[in-house]
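Chain IDs A, B, C, D, E and F follow the sequence of writing; residue 1 opens each chain.
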Amino acid sequence: MSRCYEDLSGPEIATNISPSSILLLPVGAVEQHGPHLPLSVDHVIAHETATALVDECGDRLDVWQLPTISISKSNEHAWSPGTLYLSAETLMAMLRDIGRSISATGAERLVLLNGHGGNTTHLETALRELRLEFGLKTFLMHPMIPPAHGGHSAEHEMGMGIHGGLDETSVFMHLRPNEVHLDKAGRRVPEILDQNDHVKFGGSVSFGWLSNDFNPDGYIGDPTGATAEHGRQLFEQSITTLSKAMEEIRTFDFGR
Amino acid sequence: MSRCYEDLSGPEIATNISPSSILLLPVGAVEQHGPHLPLSVDHVIAHETATALVDECGDRLDVWQLPTISISKSNEHAWSPGTLYLSAETLMAMLRDIGRSISATGAERLVLLNGHGGNTTHLETALRELRLEFGLKTFLMHPMIPPAHGGHSAEHEMGMGIHGGLDETSVFMHLRPNEVHLDKAGRRVPEILDQNDHVKFGGSVSFGWLSNDFNPDGYIGDPTGATAEHGRQLFEQSITTLSKAMEEIRTFDFGR
Amino acid sequence: MSRCYEDLSGPEIATNISPSSILLLPVGAVEQHGPHLPLSVDHVIAHETATALVDECGDRLDVWQLPTISISKSNEHAWSPGTLYLSAETLMAMLRDIGRSISATGAERLVLLNGHGGNTTHLETALRELRLEFGLKTFLMHPMIPPAHGGHSAEHEMGMGIHGGLDETSVFMHLRPNEVHLDKAGRRVPEILDQNDHVKFGGSVSFGWLSNDFNPDGYIGDPTGATAEHGRQLFEQSITTLSKAMEEIRTFDFGR
Amino acid sequence: MSRCYEDLSGPEIATNISPSSILLLPVGAVEQHGPHLPLSVDHVIAHETATALVDECGDRLDVWQLPTISISKSNEHAWSPGTLYLSAETLMAMLRDIGRSISATGAERLVLLNGHGGNTTHLETALRELRLEFGLKTFLMHPMIPPAHGGHSAEHEMGMGIHGGLDETSVFMHLRPNEVHLDKAGRRVPEILDQNDHVKFGGSVSFGWLSNDFNPDGYIGDPTGATAEHGRQLFEQSITTLSKAMEEIRTFDFGR
Amino acid sequence: MSRCYEDLSGPEIATNISPSSILLLPVGAVEQHGPHLPLSVDHVIAHETATALVDECGDRLDVWQLPTISISKSNEHAWSPGTLYLSAETLMAMLRDIGRSISATGAERLVLLNGHGGNTTHLETALRELRLEFGLKTFLMHPMIPPAHGGHSAEHEMGMGIHGGLDETSVFMHLRPNEVHLDKAGRRVPEILDQNDHVKFGGSVSFGWLSNDFNPDGYIGDPTGATAEHGRQLFEQSITTLSKAMEEIRTFDFGR
Amino acid sequence: MSRCYEDLSGPEIATNISPSSILLLPVGAVEQHGPHLPLSVDHVIAHETATALVDECGDRLDVWQLPTISISKSNEHAWSPGTLYLSAETLMAMLRDIGRSISATGAERLVLLNGHGGNTTHLETALRELRLEFGLKTFLMHPMIPPAHGGHSAEHEMGMGIHGGLDETSVFMHLRPNEVHLDKAGRRVPEILDQNDHVKFGGSVSFGWLSNDFNPDGYIGDPTGATAEHGRQLFEQSITTLSKAMEEIRTFDFGR
């Protein structure tokens, strides 16, 4: 049986979705990723990760895959024609509407799977709002943990491969081998930030930035060494990790 | 070359999208369609129609397919768990955000391809708002013209095959042969409306309705005779018609 | 006894308004209609139609006339100083507020009588929203059915007498004989649209337009042959038709 | 020539409205006024005062009468079915929209003539907002100065004839002699407030109240002695006073 | 025991706040007051007045002091860099949020103590909104009654010492002796307004103004004779008056 | 000279605030912190940290202290009467308003100093929004880095001393020695979370929580060993660290 939520009929929702079900909402983005990658990167990665994850653990953990949100909060790339972006208010309203709809199904667990770093604070905000307003247990996971949140970044990227860099480019090469133009990419690491102890990606002081603040090409990192094989490893590792996280989500309890 | 907008990179947008380009935004819905159809019907039809239409005329008419909006304004089905719906305000905000993003590309023509009748007034509203605020030439087309707007409806449906009825079910059978359960469907035609000259679907007086106002099953029409072959004919006819409409859109001018 | 809602006192509302009552809300507009007509056209027509309609059937069908909304959503005429317009958000908020107030009276049927085409999608939207939020049975009627929705338009106007054209000008001449300046009017029919099969007023593809898109004078149609007598006929015919529609509204039932 | 703004055509606005013109916007209300008065009281008084005022000084001072806003912010009467009320947000949005439209005409002076005390703080707020956003010179006047703002109130009403009391009832009797039912009215003066030096109508400390806080009948004052003759005097006096105020408005200057 | 609300713990709120408690919310502003006064004037006066008032009557009347709102609605000074201002919508949202929070404590009386004239209409609006939505008894008091509302203004200021004038400057000198630069101040009385009988501060016709409408220095009044001693008298008198008002608030009843 | 922004007059802003100035906005909260701490904890810590920080580096680095926001986004504690909380929308609107005001001064750097974890995602969101809309360079720092973001948490708290735990209680004891009631506190560590590798505070999967999800007392951590001396060390260390961060902020550059 399909594990895509929308493949169910109305009456089937009633019989298949229960308090122990986990609903998984992939959130992508359509935004510039430099000259070597298409606008679709975050959309594709979020969608493919969700699909692979549900293949892996959907039946076992009663996971249902919601339709992928393609367009989200990408205004750090608003300077680049092509980027499609929602305002913060629109994204939050959309998440609230979806949360309200989901709470009506009887499901109690909603997982946001976020492919775009610019959504993170908004989705984290939504975790609390949806918990408070609709009583849902809410979770946020990422295909790859962003370097700015403690995730991996290749050494030569100095922890700054955050947008169109080595890992993201590699994963996308794995997923869409013919859509990457590495020949158009170079090194775009804002090394100046490495002088800072506090004010840097993942540092103790956050800072506001737009993707053209660092360079006019709008990507941040060094994708020049990206390979599909590296991407494959990252992707499979991601599915393994996320699958384990889903097991924790399945039994998550506040302990009260 | 792909005609999917999101397959372009940022720099490719600049070279490929011009004032003569037509951007096509399919708008679906995830909502109950009775026991015989999955929630995805409008989503699938909008997406597949857009894809077939761009296949047919994309290169000829410089059409680019935007990512399909899956979830939209379906609150007439809010009573039925499973339906995912945005508020009117959220949908309008999303359309405005997308219109603003698109106007930055240099494209001047935006076509909304709407798979869900409950969106129609909102999308028509958006036509004017996006024209006024961003100067876009805006258009709204439907995979099938709704009976309420003068489109076809089988005689035995008395013009009321408007949600999960004969034609929609047939088209979906053509597109997803294994996902229809005709055995669960019956006749759900609100014949009482046929007594009216004015207050009826497509009549001179509109009325507010929810999909469970007429019957508890939430579909309106009589899908019992639906066949994939009838659906194929409707779908192909639709592509032919929409393609001709796209030619008019390509050269549309106000004449001033 | 007066059939004007506001002529009742608070306690009289309780004794006179019942579930079988019909509340009628005329919605006008104050917007440019070319050089031959005053800004008031839609306001006057909506108000006078409502008044004549209530005269005709108010006692018989228990209809109560609400105060006419004079200013509404006219931003297609925003380019023309003089036009007073609400934003879409303001109009929807106003309708929601009024719907909430009305639902408190015990009335169950609300009819919007719309004198301005630019309001149509908004009022149709309101039909559903007010039904869902307040449980009202809601209806939308027009003094004259717009040509774009299948109504009459003189042949020489080619179905495009939609703003300040023959019929509207004639009806206004009937209602306010001294306020029309036919000598200032000419033919303003955007004939270029007639080449289209789909993208035209009333066609299968809607399009966004502003009233100065077609010509700098802002009216659309050919009022040169307008007469008060033609207007009288249209007006009386309208009252007859709307009165019949009101009878259907009086007994309207979803059949469930 | 008519001094009603909406009787002008679009082109006539351009020739008739100038920086020296004064636009007058009457703001009424449709709300319960006790058992002796209809819902229309504030609507009628605002409209009739505006009409008489424009008759008196319109030509002399270049005043143009805008359509009367009938429904406004009356939620202190929300408890009483019949009352039609806008939220504060809706009223402010409406005033902003109208201010924007008016600023496009070239007029620089906008006068709000307020028939309903519950609007006062909102309209005063609008004075500043419209001045700041659109550069308009803005003014607020009242048919009768509310006792709470230093206006007259009959001695036996102890300064508390603020809603459906002696003066308002009398003025309405003058304007609509057949619509007042004095036999249903009594004395509804919240004498307890008279013990206070500060917390009372017109005192140094304002307080929030709803019209049923004081008594279940919802009017405040003592209309039992109301007469049309007293109303006529008040009304004529009001026109005289407002006309003088309009002269000051005509030449008003900040002196900078 | 501290009478500062925020010095209580959560459980202490439950035991100390009761229906007879009065919660006092001081509302200040951070806005230009001419060259002789710092931006903090309204913030300081609101805060110090609240503190002195609670010292005087807090234990006796069960008053609890809420944290002072520092930044509020000051857009009449938006032209002057330094001014920090909220929009009207933001201020109202903040007050609603606070009212909702307070209604959860069991307190029934909320007093707004307003140090900034530009907030007055908004706070008065809030009185009613909070009463209606949360059932609170709500009150608004001012450290000094504004001349525009019948309060004192030195004779040579002609009733126009409304912003940075004699009294306000004096009170601030009393509270912050070292922060006033009288040498930078002169007479800024818009005497032209004195010609008017109606359109003037405190007149029967209100008007919209910005603080640089009258002169480029942005203060209105004549602070040249200000002294700390005069300020001390005003301040102490204010505490005495407000304390008496608080007694009335303590026992305030609508009499129904 | 005072380094408090509001102690400047309007003209002094013009002469003292320059593009090299840093504006520091402390953001507190008024919310329950268990039975051992007052509502004021976050408000006090944010304010005192800002004050000490400006004392330390204000003159050296041209830092100006804005008035402390006392009430913010605390709805995870909405269940506990006493908590004062803004909605997410209100907080974001307030930050936008303040950002707009600040951008008018000519300052280019705005630092948010956040005392309340529940604000973090909102303030991080604001960093980008204010950068995009007003061109400000924006930063977010915390008095203590939250354990959930990699900061310190005592071993026996297992990384979960996040609200009213050892460190926060200690710092508050240092700042307000007489306001802590350790005798009312116990151990409230949700040890169940320690079983998880991913779904836990600071784990790779975030989750939505309210402060009473874990236990009915609403604090999370183990404050029983708190001491003022430990608090003093943490506080001083914090000032040292933040001061170094301010130096980086002073010279921060994107490197483009």
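Everything that follows uses one rule, which is that a contact is a pair of C-beta atoms (placed from the backbone, for glycine too) under 8 Å apart; a residue touches a chain by one contact, two chains touch by 3 or more.
Owing to the predicted nature of the structure, the values given are computational and were not obtained by experimental measurement.
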Using the touch definition from the top, list the chains contacting both chain A and chain F. none
In the chain contact graph, what is the shortest path length, in steps, from chain C to chain F? 3
Name, by label, each chain that touches both members of the pair chain A and chain B. none
Using mean CA coordinates as chain centres, what's the chain A-chain C distance in Å? 48
Could you work out how far the Cα centre of chain C sits from that of chain D, in whole Å? 28
Shared-interface residues of chain D (touching two or more other chains) are 78, 89
Chain touch graph shape: choose line, ring, star, complete or other and state it. ring
Seen from chain C, its contact residues with chain B in the complex are 75-76, 78, 88-89, 92, 118, 121-122, 124-132, 136-142, 145, 150-151, 190-193, 196-199, 204-210, 212-216, 241, 244-245, 248-249, 252-256
What residues of chain C sit close enough to touch chain D in their complex? 4-14, 17, 30, 32-40, 43, 66-71, 77-78, 80-87, 89-90, 93-94, 97-98, 101-102, 104-106, 179, 181, 184, 218
